[in-house]
Amino acid sequence: MEGVVVLARSAWGILLLKLIAILGLYLVATLVVGYAEHKVLAHMQARLGPMYAGRFHGWAQLIADGLKFLQKEDVIPRAADKWVFSLAPVMVVVPGIMLYAVIPWGKGLAGFSSDVSLFYALAISAISVVGVLMAGWASANKFSLIGALRSAAQLIAYELPLVLAAAAVALQAGSASLEGIVEAQRLPFILAGQELGFFIFLMASMAELSRTPLDMPIADSEIIAGAYTEYTGMRYVLFLLAEYAGMFGLAALGAVLFLGGWRGPGFPGVLWTLVKAGALTFIMIWFRATYPRIREDQLQKMAWAWLVPLSLANLMGTAAFKLLF
Amino acid sequence: MGLRVPGSGLLKGLGVTLRTFLRPSVTQEYPDEKPSLPARSRGVIALKEENCTVCMACARACPDWCIYIESHKEVVPPKEPGARPRTRNVLDRFAIDFALCMYCGLCVEACPFDALFWAPYFEYSTYEVKQLLHEKETLGRWMAYVPPPDPLEDGAEQPKELEAGARPARSPARTEEPARRGPSGPTDEAGVREAASGAGRAPEAVPPVRTVPEEAPGEPKAAEGAREHREVGMDEEVYQAEIAKGTPERVARAKAKSAWMRKQKEGRGE
Amino acid sequence: MRGREVTEGTIQRLPGGPGEGVEVVLRGDLATEEMVLNIGPQHPSTHGVLRVVITLDGERIVEAEPVIGYMHRGFEKLAEVRDYHQIIVLVNRHDWLSAFCNEIGVAMAVERLMGLEVPERAQWLRVLLAEWNRVLNHLVFIGSFGLELGAMTPIFYAFREREVIQEFFEMATGGRLHVHFNRVGGLKEDLPKGFMKKSEQALRLVRSRLADYEDLLLGSEIFQARTRGIGVIPPELAKEYGVTGPILQASGVPEDARKTSPYLVYEKLEFDVPVGKTGDAWERFWVLLERVRQSLRIIEQVHEGLPSGPVRARVPKTIKAPEGEIYVRTENPLGQLGYYLVSRGGQQPWRLKMRTASFSNVSILPAILKGALIPDLVAIMGSIFFVVGDVDR
């Protein structure tokens, strides 16, 4: 405790503490979301899911999985581009952690705050696609290549609606800072006219995360695991980590943008953020349990024929609303 | 083929998964919760060694030749002085390679002396293929898992042995006789169940006792079931009565024999 | 590269599917190469060891060729050295999802050669179990079709329902998959007590749960977008390749061996043959669901009309089919199954030729895969219902 107090006195110490807290949150979020996905999917499919690891409803399943992955042989295909191959998982994970740093988990509880933190968040979360491209290209596997290219194609489809939907929120709130956006939202109607934007944001974030029904880049029944096909052991775990943590990260971003972030009656703010982000994560898992995957060209069509025009209309509508009232 | 605005179809799907989510799941947690398998379940083949006469019918019926039988002949000294000594087959080895076995059950069906049985036991997996070759000691131990056979569904033709066992004794109090056999309607259910469970509740005495079929069996029927050889006696009363009626001696003898048989069965059925 | 060379690049005409017939000129660095990709023999969507060699232009399939034989086990040859009892065990295993229906084919062939009269009750029970077998089989494909399109839930539901059915299958036959319940001359033994009750319960259960599959897949807009107009098989093409069963019915041909050459007691039972209009993947799935409904209808009628009596005709212990030859066809869950049995009077057949449904169904793949995208490939493969063991034998 003493040590913490001492650390908290210096600027570097505070930075270190923040870093530890964010990393801790990142890892815990991964475990919790991973476990939730196991369990929620299982129960939606009339199963029980993990029940043994850790005795109580298999709560330690993901830890056990992690330990197992640690022991696995580290395989790098002979034809693979070694450096790029090894670096790719890191490229996927780091942006996720950087996203966690900017999200205001409670009032004044962001890793760092900035006036343009919204755009920082959107920009940083898009970088992970580069990691996927690297993984797919470096693997020297046809399935990986197809997966990586699908991933790149998907980026074009969802990134614009995602940014436009977020921009409408920023416009309405009159602030590009995540904290400012939360402060500007009117309760209890937290969506406050951004229902359409929320819907678009949800779709686009699922596309970004490659979640069913938009999981074409890793479609297991078509191209094995896409860019991840050749990955094993710890490197594969990093991809999984990025997926689960990314789900929660984007869900938290969605909660901040559309659902009033930490604001809510009764409980401390952090809890509200977590609950709202958890609810959005549940919806993503729920979608995965329900829907088949759509086709890449159908996604493109949907994005350009529906989502982009809709989000543009949403943006203009918001602007008009803002001007008139 | 564009994607229409997500509509009712998508929402219905969400409803299905949510409904399932809120209901209890169907998973059976196996090692903690053992499944209760039906009596006919083809889990493992058990051997009742005393019944085996080394006739090799099972080994011959097996489609993949996974039954290994070794035996030698033993000379049994005659019971009475002057009689011929008899030879008898003694089982040395009876092994089933469950790594090869297809669990078809042809051996169990082929066995004429009720030495092989199915048991709904399945927890004998091993880490090595070699260990799946089970010798007669193990097969004998599995006899403990052999359950009594299920009674049959309504409208089924009951096995003759069960029917004979279920037939009530002829007494003035109860004159009506249950349907003898075949398609003529429901049989005495309670009696059948009793007979079925009576035969072989204890793991040792498992097989329902099969007796000689009543009516002269055609050649195929004889081939199917086991025949116990037994000294057949004669009902003296019936014989005398028949002779007095003037029936030929041969017919009278046959009737007396069958009357004796019936009595024997009734005696056991009670 | 398929296309004619022009001075400044390559003109390529896009094959079938979306954007069909569009001419694309590819120049210099933009000129693309075709890529050969092996789908299988180890691939998540070939359920088994079917291998499809596809030549890809981007994600579009230029050519597809199924390579079969990875699971060849020499069934037909093996049947020549096994007696008639043992053959029934063997035929359980070529299409393991319709074990009971396979048995009926062989048993009927031998019975007809021998001129055996199968007891009435045995015939009704064969229909009962064959129809349940059909439901079991179709449930697998209903589930796996969803799985191939990326919906992972339907297969779990399908197996939940299957479990209920298999439970009473085991109760009656002792086996869950390889039932081995038919014998030459009838059935092994009669049903155990309580079977009918369980069968009736399962009938109600499955009937009510079919709506779930409709809501999850059939009616879902995403599912329709993935399957409507995909893998269209015109009726003429289907006939040319000898495709049968649900796939042929989806193409609009009301061919069903239970109707066109009735066996067992199908003549006395009422049921319809579902017929599609366009023959695309969606209709094949619809036909599958509809066939389950019709099977349940038949099962209901058997529950009401089941006669009592023996279930096995008297047959000698060693079965010798008299000299002669016979062809028996039955409507298996996946299509028509034919057994051509030639006997020279021995205990074993001289020749047993199988005409299995999956083999013919898979043979149409090259014709309909051309021009499809990889995602369509799985949609098509999922809707050409096959079991690899049934293809390779």
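Chains here go by letter, A, B and C, matching the order in which they are written, and residues are numbered from 1 within each.
Heads up, the rule we're going with is that a residue touches a chain if its C-beta (ideal position, glycine included) is under 8 Å from a C-beta of that chain, and two chains touch if they have at least 3 such contacts.
On a predicted model such as this, the values are computed, not experimentally measured, just so you know.
Undergrad: By raw count of C-beta pairs in contact, what's the busiest chain pair here?
TA: Chains B-C share more contact pairs than any other pair.
Undergrad: Based on CA centres, what chain would you say lies at the far end from chain B?
TA: That would be chain A.
Undergrad: Round to the nearest whole Å and give the separation of the Cα centres of chain B and chain C.
TA: It comes to 35 Å between the two C-alpha centres.
Undergrad: Taking each chain's centre as the mean position of its Cα atoms, how many Å separate chain A from chain B?
TA: The mean C-alpha positions of chain A and chain B differ by 62 Å.
Undergrad: Taking the mean of the C-alpha atoms as each chain's centre, how many Å separate chain A from chain C?
TA: Averaging C-alpha atoms per chain gives centres 42 Å apart.
Undergrad: For chain C, what residues touch not just one other chain but two or more?
TA: 18, 153, 157, 160, 216, 220, 222-223, 225
Undergrad: Mind pulling the chain B residues that touch 2 or more other chains?
TA: Expected reply: 1-3, 10, 13, 16-17, 20, 26.
Undergrad: Provide the list of chain A residues touching at least two other chains, using ranges where the numbers run on.
TA: Expected reply: 44-47, 289-291, 294, 298.
Undergrad: Enumerate the contact residues on chain A facing chain B in the complex.
TA: Touching chain B from chain A are residues 40, 42-48, 51, 286-287, 289-291, 294, 298, 301-302, 305-306.
Undergrad: Under the stated contact criterion, what part of chain B meets chain A in this complex?
TA: 1-3, 5, 10, 13-14, 16-18, 20-21, 23, 25-27, 29
Undergrad: Where on chain A is chain C touching in the complex?
TA: Per the stated touch rule, the residues are 41, 44-47, 142-143, 146, 212-213, 215-216, 219-224, 288-298.
Undergrad: Which chain C residues qualify as touching chain A in the complex?
TA: Chain C reaches chain A through residues 18, 35, 37, 43-45, 59, 146-153, 156-157, 160, 216-217, 220, 222-223, 225-226, 373-378.
Undergrad: So in the complex, which bits of chain B are touching chain C?
TA: 1-4, 6-10, 12-13, 15-17, 20, 26, 37-42, 61, 63, 102-106, 109, 118, 150-157, 182-183, 185, 218-221, 223-224
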